[in-house]
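The structures considered in this document are given below.
Same chain, two partners: chain A is paired with chain B first, then with chain C.
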Partner chain A sequence: MAAIKKILCFCGSGLGTSFLMEMNAKKALNSLGVTGVEVDHTTIDDIVPGAADLFICGADLLPNAEKAGKAIGLNNMVSLDEMTEKLKAALE
Partner chain B sequence: MELLDRKNVKILEGADDWKDAIRKSVMPLEANGYVKAEYKEAIISGIEELGPYIIIAPSIALPHARPEQGVVESQIAITLFRNEVQFDKEDSTARLFVTLAASDSNSHLDALMEISEILQDEEKVEQILKSEDEETLYRFFH
Partner chain C sequence: MRTVLNIIQQILSTPAIFVGLIAMLGLLLQKKDLQSIIKGTIKTILGFIVLNAGAAVVQDAIIPFGDLFQLAFGVHGVVPNNEAITSLGLNELAVETSAIFALGMCANIVMARFSKWKYIFLTGHHALYMSCLVAIILSIAGLDGWQLMVGGALLLGFVMAMFPALMQPTIREVTGDDSLALGHFGSSCYWLSGQIGKLCSKKGKGRTTEDVNFPKGLSFLRDNTISIAIVMFFCYIVVAGVANFQHAGKAAAIFGDSNWILYSIINAITFSAGIYIVLAGVRMLIAEIVPAFKGISEKLVPNAKPALDCPILFPYAPNAVLIGFLTSFIGGIIGLAILALMGSAGLGAAIILPGAVVHFFCGATAGVCGNARGGLRGCVLGALVHGIAVTFLAAALLPVLGSLGFANTTFSDADFTIVGIVFGNLSKFITGNGLFAVIAILFVLPIIYNYTIGKRNRAAADNQ
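Coming up: the complex of A and B.
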């Protein structure tokens, strides 16, 4: 599997929830000791194959993300624990 | 929090349905001129299209749409419903509505970061949901 170099967090509008997920993804990567991964946030309209190596979104939008590639869906978007756990699994 | 005015913090009994809850939670922003009337309808259309993606954690919704969909000035409103609001999906309910109006992609990020810090603390969220009056609710975010 190709290494994950770019992660895109997204929500419906690209400025609320997606930003919260970006912050937590960065914190989670730090705590996992992972470096050299770019994390950004955007709107669902930008989710196309190749836009990132990993997509992160709310569980509701996961089917949209999976069409574009490897993806994580979160039940609680402010939970750092859930983000860390799921990111860890995705990076293994 | 800089973007949260005391008069935008409300405690309400309940709503007829989730659309009514969105309209009620946007009302303080509309009444005080931070958003235009079309903003709440943009939020509702977004949820109709994509599902209740604004539910960011158990019991917590973050209604928001894009700046060009009717935002005049960045601001936040907080509405706590005593009764749960059910969305059109099983297990999708919320009581605390943190309504966000962002006039551009950056001006609201500090406020969001603060909100996220507060809402990460599950014990605090429990207390917030039990707020007996608006002043108490406001203090959690102030």
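Coming up: the complex of A and C.
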């Protein structure tokens, strides 16, 4: 499949939670040694097919994300371990 | 010399530049490279300007709503929405709000470092809205200049640590551990919902919300702009309809050439569009400031807990989120009905309409907290009480907001309204220097406690 170049984290209003996931995702990518991937955060309104190669959100919003493409749903949105593990699986 | 000072003063009193400088300072403190500093500074200024543009769109949609409401029912109709009222407040008190926002984060770090409330409030947009509320309330109370900024910052720092501390026992129940805290200014009502849940669980906890088979089809309502547009449409169509059939002439002047139904649809969606723009502006505005705050606080208070936005709780109980939203919304409608009865009985209260966002996020969180302590019953009752409570709190806030109390929107979440009500009414008795002293004392109390009584208690506990 195509390489993942852009990751979008999102939540209801795109202010707090998604921002936190973005900071965590960047940390996780660093620790996985992945470079050249753009990570940003936004609101659920902007989640459309093609907006990114991978979407990250809370597990409760996963059904909304899967309509738009490849997506990860986090059970614990602040857990760096869960983020790293799921990102690793998605990037492989 | 004079002109140089003049220019500096002008720069500092231009809000967009002022927040840009705050972001730049944050970026410099993190020792970012030149490219990031330029990009981050411009993006922050851009965010402020986008926010202002959104405010204009919101106002265009909400002012005719207020006029139609007055025409139809003869009372003042208010749609509570934090984004909308903050964008209006920023028109008058932008520099004060930005200064309180920046200094308040420093005060939060001081509080977390020296008191037992080891919480760093990372929900940047809520801190910004609270800065705006505090700026409004304290400026009405007669504070200005450095007193307004420092006093406001101390108050902000105090609530940024206090509310997460209040919520922590309930959050432990929700998440099952102690690693994260909630930083969201609806906390007083989430706490209340948790307590109601506790009462409900006396007869045994019963089913939790997650045992119930709840229709998933409603999850499209999680889309903020959609739910705002739908709720606003229903509000608009009722108000425009009544105005149209009872006062056709005056109403037609507001509708212009449009048909009243079409007018309602367009204005409801325009309101939602305005909120969307304001949110985009806020997102850009805080995008550089929050990571700086996080980085600096992690260095200075390494053992503090990050207090985070409420949707982090949503995956713990997705059904409670939807049930909480719906019952809180019903609570909002009950509150509206009671206010309308009070109004017709001559008690003259303004009518608070159910705002989509507050019932959505705060109602859902109240539902999750009620569920964690009292199962399904706790969720339903807790969120219902939340919905009624925020409606009455918003109504009680209006008289102390000064000229902004006559706007057609107001603060919605419980902690904003409670802080506003407490300090707004307090300022009727104590103003100026006295009020500043009260806030300063309030801020140092938890710190003094930690180094005196708290220390003694800990020593006693160690001896045993």
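Everything below uses one rule, namely that the second predicted complex is superposed on the first by the 92 of 92 C-alpha atoms of A that agree within 3 Å, B and C clash if a C-alpha of one lies under 4 Å from a C-alpha of the other, contacts with A are read in each partner's own complex, and residues count from 1 in each chain.
Note that in this section contacts are C-beta pairs under 8 Å (C-beta built on N, C-alpha and C of every residue); 3 or more make two chains touch, one makes a residue touch a chain.
What you see is a predicted model, and the numbers here were worked out from it, not measured in a lab.
After overlaying the two complexes on the shared chain, residue contacts for A:Gly12 are found with chain B and with chain C alike.
In the superposition on chain A, A:Leu61 contacts both chain B and chain C. Judged by the touch definition given at the top, the superposed model places A:Met23 against both chain B and chain C. Using the contact criterion defined above for the overlaid structures, shared-chain residue A:Leu80 touches chain B, although it does not reach chain C. On chain A, the surface patch touched by chain B in one complex and by chain C in the other comprises residues 11-17, 19-20, 23, 43-44, 58, 60-61, 76-78. Interface residues of chain B, counted against chain A in their complex, comprise 46-47, 49-58, 60, 62, 64-67, 89, 100, 102, 105, 108-109, 112-113, 116, 119-120. In the complex of the two chains, the chain C residues touching chain A come out as 122-126, 175, 179-180, 216, 219-220, 222-226, 276, 279, 282-283, 286-287, 290-291, 294, 306, 308-312, 314-315, 318, 321, 357, 360-361.
Remark: chain A residues 11-17, 19-20, 23-24, 43-44, 57-58, 60-61, 76-80 touch chain B in the complex. Those residues of chain A lying in contact with chain C across their complex are 11-17, 19-20, 23, 41-45, 58-61, 63-64, 73-78.
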